[in-house]
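Next, two complexes with chain A in common: one pairs it with chain B, the other with chain C.
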Partner chain A sequence: MKKVLCLALALCLLFAVLSGCKKTDNEESYFTVAIAQDLDDTLDPHLVVAAGTKEVMFNVFEGLLKPTPEGNLVPAVCSSYTVDGTKYTFTLRDGIKFHNGRPVTAEDVVYSITRCRDGGYVSAFSNISEVKGEGNTVTITLKEPMVEFAAYLTCAIIPRDYADQATAPIGTGPYKFVSRSAQENVILQAFDDYWGAKPKIRNIRLRIIENGDSLLMSLKSGAVDMASHLTSTQVKGLGDGFDIVQGNMNLVQALYLNNVRAPFDDIRVRQALSYAIDKHEIINHVFDGYGSPLGSSMYPAFSKYFLPELTDYYKTDVQKARDLLKEAGYENLSFRITVPSNYQPHMDTATVIVEQLKRAGINASIEPVEWETWVSRVYSGRDFETTVVGFDASTMTARALLERFGSANGKNFIGYKSEKYDELLKKALAEYDDAKQTEYFKAMERDLTENAANVYIQDLADLVAVRKGVSGVRFYPIYVLDLSGLEYEGK
Partner chain B sequence: MKKSASLIIGLVLLAAVLAAAAVSVFYTPYDPESFSGAKFEAPGTAHLFGTDNFGRDILSRIMKGAGTTLFVALTTVLIGAALGVLVGALTAWYGGVVDSVLMRINDAITAFPSILIALVLVSLLGAGKPGNVILALSIAFVPSFSRVMRTAFATVKNQDYITAARLMGVSTGRILFVHMLPNTLSVLLPSMTIGFNNAVLAEASLSYLGIGVAPPAASLGLMLKDAQSCLDLAPWYAIFTGGAIILTVFAVGLIGNGLREEEGGG
Partner chain C sequence: MRYALGKLGTFLVTMFLVSALTFVAFAVIPGDPATAKLGTEATPEQLEALRQEMGLNEPLPVRYLKWVAGFFSGDLGTSYKYNTPVGELLGPKLRVTLALSLMSFFLIVVIALPVGLFAAGVENKTVLGIGSAVNQLLMAVPPFFTGIILTWVFSLTLHLFIHGDFPSMDSNLPGALHYLFYAAVAIAIPRIAMTVRMMKSTADGEEKKDYVRTVYSKGAAKSLVMAGHILKNAVPPIVSFLAQTLAEIIAASIVVEQVFAIPGLGRFLVSSISGRDYPVVEAIVVIIAFWVVLAGTLADLINLAIDPRLRKGDKR
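Here is the complex of A and B:
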């Protein structure tokens, strides 16, 4: 009797397992993209803080304007706009709809902009004195002129009469949000009434895979079709079957120096470090040549502001480094490099830096810390000697990268102080003319390099693996994952 | 007295590992921290165990790393055992309130996995310093020792010669550590060998989690962590590093077995 029961149970189990193998038609048509973290933050586009959530929700939301891969801003929710001093006038796009099918009205735009201003979600919006909607035009009046104001208008436009934005968001983007299973996946579907070019791939499943090794297995087994932010080692292990597309992470990785603490308050010491550290060797050795060398706090995706000649301003020269240190009276220099240990690229970079500094007679040691400790002690507390991290731009403006080094800026955690820099920053922010402002920003980059504020290393490569036969990966100067351009080749 | 075979084999293997670690103080084939070869060179004549993800010689790093790992494990076990003996002796001898309080604290610590306790302690003390790793692991290891030693001391306590010593007016400290301790060695030594193995693995786990020994210094755990991400490209990295850990743990395990056999046979 017992045996029979056992057998029956075993058969039941077998069926249970086999039924899992059957693929429904629906499931086959999903294109699966791996993401490294769950979207466990709120999904409300105005409240969200997690970079990983913003990165994928770029496909769901749009502002009056939206960025292009080239770094320009083009009309999205509006079809055109005019600027007259402090007055911005937007004409809404004809027939544009939210994902729930309701047409976008001027009231929705006024609601979205006002919500961000009153809630303090977009700090630049505190400069808005009035937002008015009439028919299909919206006018925004500023208190003071602000040349880069347009960059903030990528702020999402959402319906004014919808309460579930945090869990079931509704926007105007090329993909609409379908569902989310915690720790598992998020489903997106192409929005049929999208105003622009309709996405070629209809159903997208964003699968959450936190572990790098399981990600690699899932790619190889075919469970995942695309993954971004891979390391060069991971890419090597992938083998055939995938196209590797290289973009940039759009961040400034550097050995950031505490400019107010001895010996780093001495420009000769900072320059010596710049001469001793070979960024090209770091890129070749650790990152297999993937990565763009940098010489200042600006990355190449901002082509308008990027100054390639600064990259090799300090050409690696160990003897010169030794001489400078001797002159400054810091022979046998030794210091600590504090590194957030959860970021392997930064840890690996620091490992090579320690080795390179040894050649110049400098004794550096690595102090691994957890991310929270890094934020509270290094960034907020400014209690550190040097640190290897990367900084990105929160908006598509040079200001986002450069303003932080103004001596009065609260984010100036390295304590950089240059009168010339402050002067230029003031001029740049007050300038209405784009070309002149660009020149000021460029002069600020030069100032950072000449004073060797930090030892600039690189903009890390963003390696994306896509299953062969799929094309259309696009990179942006900001941290987003655009899925709307993907398509199956030959279809 | 006939020496047990496992004791001899264990001692020989451990001696080999210790010798490699000792030699690394004076000599390694290459500087363990310098990039002496290309990335991921397969094992060969130039680099006997191949090179790692930075082009560093794996053999040199295993020698150096074994030293770090063994040092951490040994001091951890010594500190843990010393504290454990103290707690075990006190609780067994005095009983009552002392026993209840100390053993309940003990229970509280045992309630958490030892790795978790060590993890919290290291985060509090500051990661990346071998001293903190040793301290954290020792504290995490105390409960297992004190529990075993309490039982051992309690058994010895009721022996006639202890009663005799008490009647003679010998001081408590002397009774505990001169008269009783040697008679608990049959329990202490095997648990120390087991503890040593756990400490080797715990150091490896802590470094593996990125909060043990700070790079570029080598430790077996840290190396195994690096090896995992390139398992496909350089399987030798994981094999040799893991092999070194297995060899050490196996050797000490054999010694522990041998000691127990001797005890039983002799």
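Here is the complex of A and C:
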């Protein structure tokens, strides 16, 4: 009898636990977006480095100007501005407020710009000789004229008298930051006093889900309403509860070559690799045809600078590759491809490259490394032969992609050295005329291709799954996740 | 008393070795917190300044001693990545993992012990054959796979829980426990199978011993022999085995937390290692080491209480 009672009690308990999950309705409803990396960085917009953090905080912060999906810059914190040679004059937007309700003043703008200049957070700001604020006007005077200066003015404007930016940030964007729970979620809420079009979805919860299987199951179970950066395989397994929107990741994926280390210091070897690797085959086989082939360090979203004719500059030709290697004296070439193993697309690409190189008699092997190891050894230490990764642009300028290959640049981890390139870079940076500057940048792209600096592959496709009934996913030429345009259809 | 002192000594040495080894391991593997934090856009000057700020330029022993001193004064340091005190970050995670581990352990004990007892008495060849095949299969299923199957059945098909929507333990404790239940099952299944097999083989081993034959020859019934004699002698190894299980559950939870997207210690440990967030990793490693040592000590104490033979050693 006692035993029966015990069992009954245990069953009751189990049932109580099992039924405890019925959704409580007193919670406000959230639109849930899955992200693969936690915002485990400082949230201070001037100090943040993690791409995943910047991507999300795009919704919280704005600069004097902000980018549009089309790649233009439009006034944000300012309502209008004029340029007179080296003098930029901004009129602050009427009634614009920070998320804590305080109006934005000229002093806040001066503080933000000065902080970025003095801290070295925006290197282009070293060209600023003076920032002045008066009433609702801010003037910035440059030492030398700079065509693309406006692109850097997307630098976030933050309140000058607020100390907790690193953990509880305050900006002027369409969403305000509510809370962050490590490894769990980040909560954003529509900002009622936003100056522009108010977001249609009020509460957003970003859930951190690193595991690919778990992400798929969370989408299917209804826990997650939207996820970006999916692979074509993941998308196939989703079923029909979701719309798939395709954009570009806006990064230059390539087999980056250590140009100072033999045999890659020989242009014939680099060209041979370019002839041996078939980027179209990679895109078709690994990525189901999603992805834009590239031929230089520029992606199509920068339509002004992109040169489509470079894409197939080296048309796949295995015999030519063999001939070039023979000529260079490297007939039995073998080398390592170091790949950050947490990036599956790069790993997959490297796997196909190894097979393709075999056809040309080249023996390559993959060395998978952790991301932190990649940063310290390959990127900072420049201790590698070749590597597959992707580079994006930190600001909306061609310079952000091309400057790193200048021979004196600290970020030139491939050790690229071309006198012509350095010369063009110098001219481009000193040029005041936009059309002429564009021509210089294009010439630099050609230089990279002609010298086969790297084996360029593609700009990866960015596949976004959104629950049916929700629209408004927008893609930008830079790596951001704009949530402010989302809306429920028919509401 | 001497026993307790000895245990305490072992405990301190273990904790020292574990925490020191973690420090050394981090010094050996490539990548440092400064590059991890600043990424690919950092200049050498910025890196150097950050290393200085983080105290990374000091020699390893000094850093370790500073950490130990902080630890004993209750200061676990500040996470490099989150800019938040480690204690504040770990509190909620610890609760989740503790609940998950205890729930798994509860399931293991509640299911494995009766089944094991039953299995120990079974002599039918066919039943034994089927039983051991099923057992073998359950033992071999990795928790992450069980996790996917459980999700498929209970979340995607039966809609009993929403995979990926772990409720907060503060505002919805029953919901959180309910969610954890499925993860606990995934952890428990292979370990239940192991425990059952272990109990069966211990009982079988005892049954062949001389004293059992003597009891039988005195005419005792089978069930009496089982309950009164064999089991009594089989208890100490089972207790030790369960203590080991308690320690292993933590390792399994690292995997299962990923599969179920549960914000626990294990998942946090993995991300902190790849982010080179030493203060967080050190704290988690110490917590886990403490847990493991505690499980072992508990097992020893329980065995000591039930087995008089072990106690003799203390008097010598």
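We take it that the second predicted complex is superposed on the first by the 465 of 491 C-alpha atoms of A that agree within 3 Å, B and C clash if a C-alpha of one lies under 4 Å from a C-alpha of the other, contacts with A are read in each partner's own complex, and residues count from 1 in each chain.
By definition in this document, a contact is a pair of C-beta atoms (placed from the backbone, for glycine too) under 8 Å apart; a residue touches a chain by one contact, two chains touch by 3 or more.
Only a predicted model underlies this, so the values are computations on that prediction, with no experimental measurement involved.
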Inquiry  = After the superposition on A, what does A:His285 contact: first (chain B), second (chain C), both or neither?
reply    = first
Request  = Give one of first, second, both or neither to describe whether A:Glu370 is in contact with chain B, with chain C, with both, or with none.
outcome  = both
Task = Determine, under the contact definition given at the top, whether A:Thr167 touches first (chain B), second (chain C), both, or neither.
result = second
Ask   = Which partner does A:Ile244 reach: the first (chain B), the second (chain C), both, or neither?
value = neither
Ask   = Which partner does A:Asp213 reach: the first (chain B), the second (chain C), both, or neither?
value = both
Inquiry  = Taking the superposition on A as described, I'd like to know which of chain B and chain C A:Ser394 touches: first, second, both or neither.
reply    = second
Ask   = Taking the superposition as given, does A:Asp40 touch the first partner, chain B, the second, chain C, both, or neither?
value = second
Query = If you count the residues of chain A that each partner touches, which comes out higher, chain B or chain C?
reply = C
Ask   = Now for A:Leu429: first (chain B), second (chain C), both, or neither, which partner does it touch?
value = neither
Ask   = In the superposed arrangement, what residues of chain A touch both chain B and chain C?
value = 213, 342, 369-370, 373
Inquiry  = Using the touch definition from the top, list the residues of chain C that touch chain A in their complex.
reply    = 29-32, 35-47, 81-84, 89, 92-93, 144, 148, 151-152, 155-156, 160-167, 171-172, 174-175, 177-179, 181, 258-261, 263, 267-268, 271, 274-277
Note = In their shared complex, chain B is touched by residues of chain A numbered 212-213, 216, 231, 233-234, 236-237, 285-286, 341-342, 344, 347-348, 350-352, 354-355, 358, 365-370, 373
Chain A contact footprint on chain B (complex, rising order) = 33-35, 39, 53-55, 123, 126-128, 210-211, 214-216, 228-233
Ask   = Can you name the residues of chain A that touch chain C in the complex?
value = 16-21, 24, 27, 32, 34, 38, 40-42, 49-51, 120, 166-167, 181-184, 207-211, 213-215, 217-224, 342, 369-373, 375-377, 379-380, 394, 410-411
